[in-house]
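Some structures to go through are shown next.
Across the two complexes that follow, chain A remains constant while its partner is chain B and subsequently chain C.
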Partner chain A sequence: MAETPQKTGMWERLEHCDPRYLYLIFALMMVALEFLTVAIPVPVPDTVRSLYDRIEKLPKDKIVIIDCSLDAGYIAEGRGTFEVFAEHLLRRGIPFAVFTNTTFYQGQAFALKYLTPMAARLHKEYGKDYCIWGAVVLQNGAELQALAKDVHNTVKVDYKGTPLADIPMMKNVTDIHNVSLVYRVAYDWQGVQWLGFIQGVYGTPFACGTAAISSSNAYNFIRSGQLCGLLAGAAGSAAYESLLDEKGSGTRVVMKQSFAVLYVVGAIILGNIAMFLVKARKTGAARMDSSTR
Partner chain B sequence: MSRTDQTPGLPPFPPDSDEARREARRKTVVWAVAAIGLVLCLLLAYNEIRISSGLFVEGMKAEGAKAKDVAMGLALTRVGAWVAALGTLAVYSFLMRDNPFYQVFEYALLGCATGMGAAIVLKDMLIAKWWAPMSEGVKMLFHDGATAAALGGALLLVPGLVGLLWYFQFSKRYFWLSRIPMCIGLGAGAGLGVKGLFNTLMPQITGSFKPIWPGQQFLPGETFWNRAAVGAENLIYVLGTLSVLTYFFFAFGRKYRGIKAPAKLGRWYLMLSLGAFFGNTFMSRLSALIERFSFLFSEWLRLSKP
Partner chain C sequence: MSKRGALKILAFLCGLYFILDFVLPAKLGGDFDGYAVDSPAPATTSDGTAIFYVGRYDQARSAVGRLAYSGGQWRRWPDKPVIQRSLFVSDDQAGVEQLDVLAGGSGLEVLYIGVNRDQVGTLCRAEGDPSGVSWQKKDPVRFGTDPNSAPEPTLEHPNGKLPGELKFFAAARVGDQWQMLLVLNQMGKGLQVWRASGKDWSDLRLDKEPLLTSKSFEGLKGPNGWNIPDPLAALTAFDARPIPGGWQMYFASDYTTHTTGNLPVNKISSLERRENGTIVPVAVARHLQTASKVTAMRVTPDAKSLALSASRKLNPPPPPEYSTKETQLVLLPLQGGAAEAAATDEAIAKAEVAANIAVARGTAAILGTTVPGPAEAVEIAMAIAGGEAVAAAPANVAAAAAEAAETAATAGEVIKNIGAKPTPTYVSRGIQWANTVLQVIGSFAVFIAMINLVMYHGKRVIRKQKPAYSLVFFVFLLGMFLFSLMAKTGGTASGAGSWAGWQVGFDFLFNNIVQPMTTAVFSMITFFMISAAYRSFRVRSLEAAMLMVAACLVMIGQMPIGQWLGAGLPESLYMFRMTWVSQKLLTVINACASQGVTIGLMVGGLSITLRIWLGLDNSVYSGLEEKR
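Now for the complex of A and B:
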């Protein structure tokens, strides 16, 4: 007698589902979310609030230095952490200088791309409210020490080639004592150089915005008081945006992240249910076989 | 009468063998994909003409004689968007399987990164930090004499020459000379490293001494429950520090009870922290994916808001 082909049930099919279908559903969901906006409540952690409060109290006669080490691979999270911080400073009228480490050479282009329209929207002026030093070699202890002692001779010119002494907001900024805060936006956690040679020596407050993946290392420095604020990934920038009362890139990414996480968790649960049910059925069928024999 | 309609010069329909049926199915799929691809290409072309012409018109609104240049510049930004979009699609095509489209962009990225790295080292390090101030200093030395600025610049020749000693690594006879810059680098690095490490780690060590019951001197004016909450948090922190340190304490082995139990707790702490690391990793990768989708739809196709 010919054997009838065994029917595969829904759970069997689910268990052996080609992962490419899962990618396809995920991609379709992401496309749908491009055109939809769903309000997601964003909690504000202490690490974000402390940075916001500090900016609110910063003096306007000193500058803030932003180490904008953005690169294309980190732009999803880095854009938000850079934009919210710069926007807060511009709104408060605190002058700031942006530079990018030569290792992250794309940072200057991204800083220009995001700062220029923001400054135009808030009616702020280059050279008076903000300036861009450009690509500077400032990542090792020796270079940071030199910056702390003599800003003009270490950086020399801005990205356009204008000497720092000719930029109105930089005229009186000679050393680190004219700097009220240093903020680093970078994918990795390389802030230890700033902690070791600037914050640890001169007491200049230091804060950072990192990718969520690197934030686990940065949290150690919050409890010891070495970091005065931390924007961890898109969630950090979304929380800061809620403090600034606006919806920016951080909020949009967090909304999509929430749905993506729900989808992944749902897929994991369904996959596990399918695996256990199929296993239970197979065990039951094997028992039936052995009892009939 | 035969079940198939046989037209002279054409294969029978419906196909009369399994192989013929497979071939017919394959052709149908190929033609369907080609048709869908053609429609998509036409839609893309229409969309691109709409975007580029819009940018050109916007650029022509610029004042002065350079309006045409501005317009052309804006329209040319679309080339960058296309290259980035094709690169993104090529990388994601790897999800289906490894393919030449993916490999082309993989090698292009490697080549660009290497070239860019070399250019940065040459332009921002060697020329900007060494050659320009050194040559300026030497010029000043001949024109103005031995002033501080001239000497400061001209003396950069010395580290340049010391740096060149690295290349004696290629000589068996004079290999020892390459050790000079190595020793200088190691010495300077070690000195700076100790200073940096001290300033970074000392606050970490002092910060790990937390009061289990934060009294009036630690939290002035706080309620009992707030103190209890901070105390519990500190307790978890202190326990974690001690137990993880015990886990990595291999001198006595794990046979003593006083070591075994805290080491086990330390292992749990480590597993929890690794879980948190993994969660954060997932969120970062997810953000990168979301950003790429946003780029494709907002910057490339301009169908959604950026």
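Now for the complex of A and C:
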């Protein structure tokens, strides 16, 4: 005897709905937010404020190193964490050098792309206020061990091939003692080598900007005092931008990211409600069946 | 010897080298002040006048030394430092700065700014015997602002809560009270001078308002009618001493950035700040203008001289083990010279002009060697004098300038250079060579990856296995390689000629193909996350429920919208705020679990590394066995 097809209710359909509808709604929401601006107040976490305060106190006769390990996949979040930090340094007149490596080879191009217009806007000069070092091959910390003792012979040239000794701001920078802070921007949390070979040995303060999803590992080092600041994703850079009293890429991204997170959480809740209701209905139907028999 | 044995020995030696470089200091031997000398503080001891100073072994380690006058010159006595930085107390773990030595009840008192590992300064204190050879550290000085309660130091603020970051200070004993002036950097407001006083170092009271700010110098004119520049704006050193009815303060300022050519200009000025609030400039008889910057100074107990530390950049810079600056301690008499000889305001004015010009000409240089030309001299003099018409100085000033120059040039006495320099170790010097070798080896990895990809796709093209995809690989590999190579080597650095074209091509490929494609691929993850969140993240057990609740709280709490959601709750219900909950989850629960995992990973990694290094793990050499 052929079974009669069971009638599917709204919740069953919702439980097994085609994910493409979810994608479509999400895409439409992101497109709409491209044109709409929702003013969300951005609170400033302690991890961001501590970094800001530290930059305010940094001496101007030492440089800051920014390890720019950006890549295109992370650029939506990473751009803000890089730009906002660099802008603060340029505004304060603290010279900084961008450390780049061959593993995250796009970092050098991104640093150049973002710093050139920023420096022009703030009337800053390459070589005097900032510079971008030539890429270094990462060697599990051996390159940092060498960098700490002799910057010029480890990095040798900037991205254009100019020897570091010919760059005005680098003339008196010999070793890690001429560095007041190291800041790493990267998607993942691979700052352990900076902690192990630089912060732990020489006491040079270390901070990082990372993707929100990777930041949970970095919080370990906040508690231990090894990290002096953390910009966790777009929220971190948006909070820093609010301290600088400007609206940059962090603020733009965080609005969309907030709604995206709400959408994901909403999807989780809706999916579970649908599952429970369907389960309850099936259990109720089974009980009714057994009672009628 | 087998290949495996040779490789094991090589690996062991390389590992040993890097460990030795990491563990051993970069330099050995030398004096504790072999890197730099700084912060002189003259004091009257039971052995006569002594000068205490900060000696640096390197940029991270400093200690306090003592100079005694014997045999016609200042010598270090005792030879070892009299005060060392603390190893276990954090206040001065990273160094000592800005000494001041005072006569105390039964001996000497030293105050200094101790620097902790976060580079935050704390005003520390130690008590010494009358000779100043033996010292015992005491609790930091404590400041309070509330007259009804004692100062409350915290771990973060060992001195109590100050209105700004401590930069400089001066202290003196007046009657039964300690009097102090603190130069504090208040965020957004710049440097300010605050006064504190009290009978006990553990309970000094700060005034409610600063004694001096930059505003105090607005419109302030000297006896010659020129504007007095704000010394706080470019302050590099500070000292003060109480005088009847007020304080006399000494400022060392660096006006280098005020000159168009960035010529080095450093000047010492002085003023009296009287109790009625008036500020009276005092002509300093001796001027110091050199390429050297004054980094610290103290007036001698008899107020006849100024002990200062001067620092000058070395060009070309020395090897990295040594300081890039030449530092010296100088004793500069405050009496005599052109300004004191001048009795009238007009004469003081002329002497000021003369001294400024003399100073600017560099002829008054005690330590420096820079001698700028006449035009630059006028420019510097204008910078020092606040931009007034120094250029129109009368002709007879030139003679006074020469006189002032002559007196000033012979005024200072270098009392201490740096001690014996330490010797760099060969292990330390070799690390650069070893790193270069590693860089070269690491670079080969790129070629290996490229060769591997070329072989793989080359086979697919030859065998006609969907060759179109593989051809796309070859086109872009060659394109990026060619444009990148030519952009670096194909033209002049100025961007002229063919170089610019190749660079435009490279930028186009990077900005319009590489970057958008990488971003697009990464963005796809978001869609998969949504699908997974909706269809797979189901609460089927208690553990899954806990995981889901924690994930949702952290996700929302990390976002401003989540932080905003609970912001309206009253302070007493702070634990229900999304921010608080997510931060606690991240920084306590997550951190504890994650730290456990990390420690486990590290211990495991260490044991594997040790096994490989000592040649106990043969698995890394298994390829060799197969070939044999």
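In this text, the second predicted complex is superposed on the first by the 244 of 293 C-alpha atoms of A that agree within 3 Å, B and C clash if a C-alpha of one lies under 4 Å from a C-alpha of the other, contacts with A are read in each partner's own complex, and residues count from 1 in each chain.
Going forward, contacts are C-beta pairs under 8 Å (C-beta built on N, C-alpha and C of every residue); 3 or more make two chains touch, one makes a residue touch a chain.
Values in this document were obtained by computation on a predicted structure and should not be read as measured data.
> Using the superposition on chain A, decide if chain B and chain C clash or fit.
clash
> Once chain A of both complexes is superposed, is A:L195 in touch with chain B (first), chain C (second), both, or neither?
It touches chain B, and chain C stays clear.
> Mind working out whether A:V31 is in touch with chain B, chain C, both or neither, as first, second, both or neither?
first
> Which partner chains sit in contact with A:G73 here, chain B, chain C, both or neither? Use first/second/both/neither.
both
> Which of the two partners, first being chain B and second being chain C, lies in contact with A:A135: first, second, both, or neither?
first
> Taking the superposition on A as described, I'd like to know which of chain B and chain C A:D175 touches: first, second, both or neither.
second
> Chain A residues in contact: does chain B have more, or chain C?
The partner making contact with more of chain A's residues is C.
> Between chain B and chain C, whom does A:T102 touch in the aligned arrangement: first, second, both, or neither?
In the superposed model, A:T102 contacts both chain B and chain C.
> With the two structures laid over each other on chain A, which partner does A:N272 touch: chain B (first), chain C (second), both, or neither?
A:N272 sits against chain C, while chain B stays out of touch.
> Looking at A:R184, would you say it contacts chain B, chain C, both, or neither? Reply first, second, both or neither.
Neither partner.
> Does the superposition put A:R223 against chain B (first), chain C (second), both, or neither?
both
> Which chain A residues are contacted by chain C in one complex and by chain B in the other?
23, 73-76, 102, 137, 142, 197, 201, 212, 215-216, 220, 223, 232-233, 235, 257, 260-261, 264
> Please output the residues of chain A touching chain C within their complex, sorted ascending.
17, 19, 22-23, 26, 40-43, 45, 53, 56-57, 71-76, 102, 106, 109, 113, 136-139, 142-143, 145-146, 149-154, 160-161, 171-172, 174-175, 177-178, 180, 197, 201-203, 205, 212, 215-217, 219-220, 222-223, 228, 232-233, 235, 238-239, 254, 257-265, 267-272, 275-276
> Flag every residue of chain A that touches chain B in the complex, lowest number first.
20, 23, 27, 30-31, 34-35, 73-77, 79, 102, 105, 135, 137, 140-142, 192-193, 195-197, 199-201, 211-216, 220-221, 223-226, 232-235, 252-253, 256-257, 260-261, 264
> Could you list, by residue number, the parts of chain B that touch chain A in their complex?
Residues 95-96, 116, 120, 124-125, 129, 188, 192-193, 195-200, 202-204, 206-208, 237, 273, 276-277, 280-294, 297-298, 303-304 of chain B touch chain A in their complex.
> Which positions of chain C touch chain A when the two form their complex?
The contact residues of chain C facing chain A are 18, 21-22, 26, 58-60, 94, 117-120, 165, 185, 187, 313, 315, 317, 319-320, 324, 428, 431-432, 434-435, 438-439, 442-443, 446, 488, 493, 510-511, 514-519, 521-522, 526-527, 529-531, 533-535, 537-539, 548, 551-552, 554-556, 558-564, 567, 579, 583, 586-588, 590-591, 594-595, 598.
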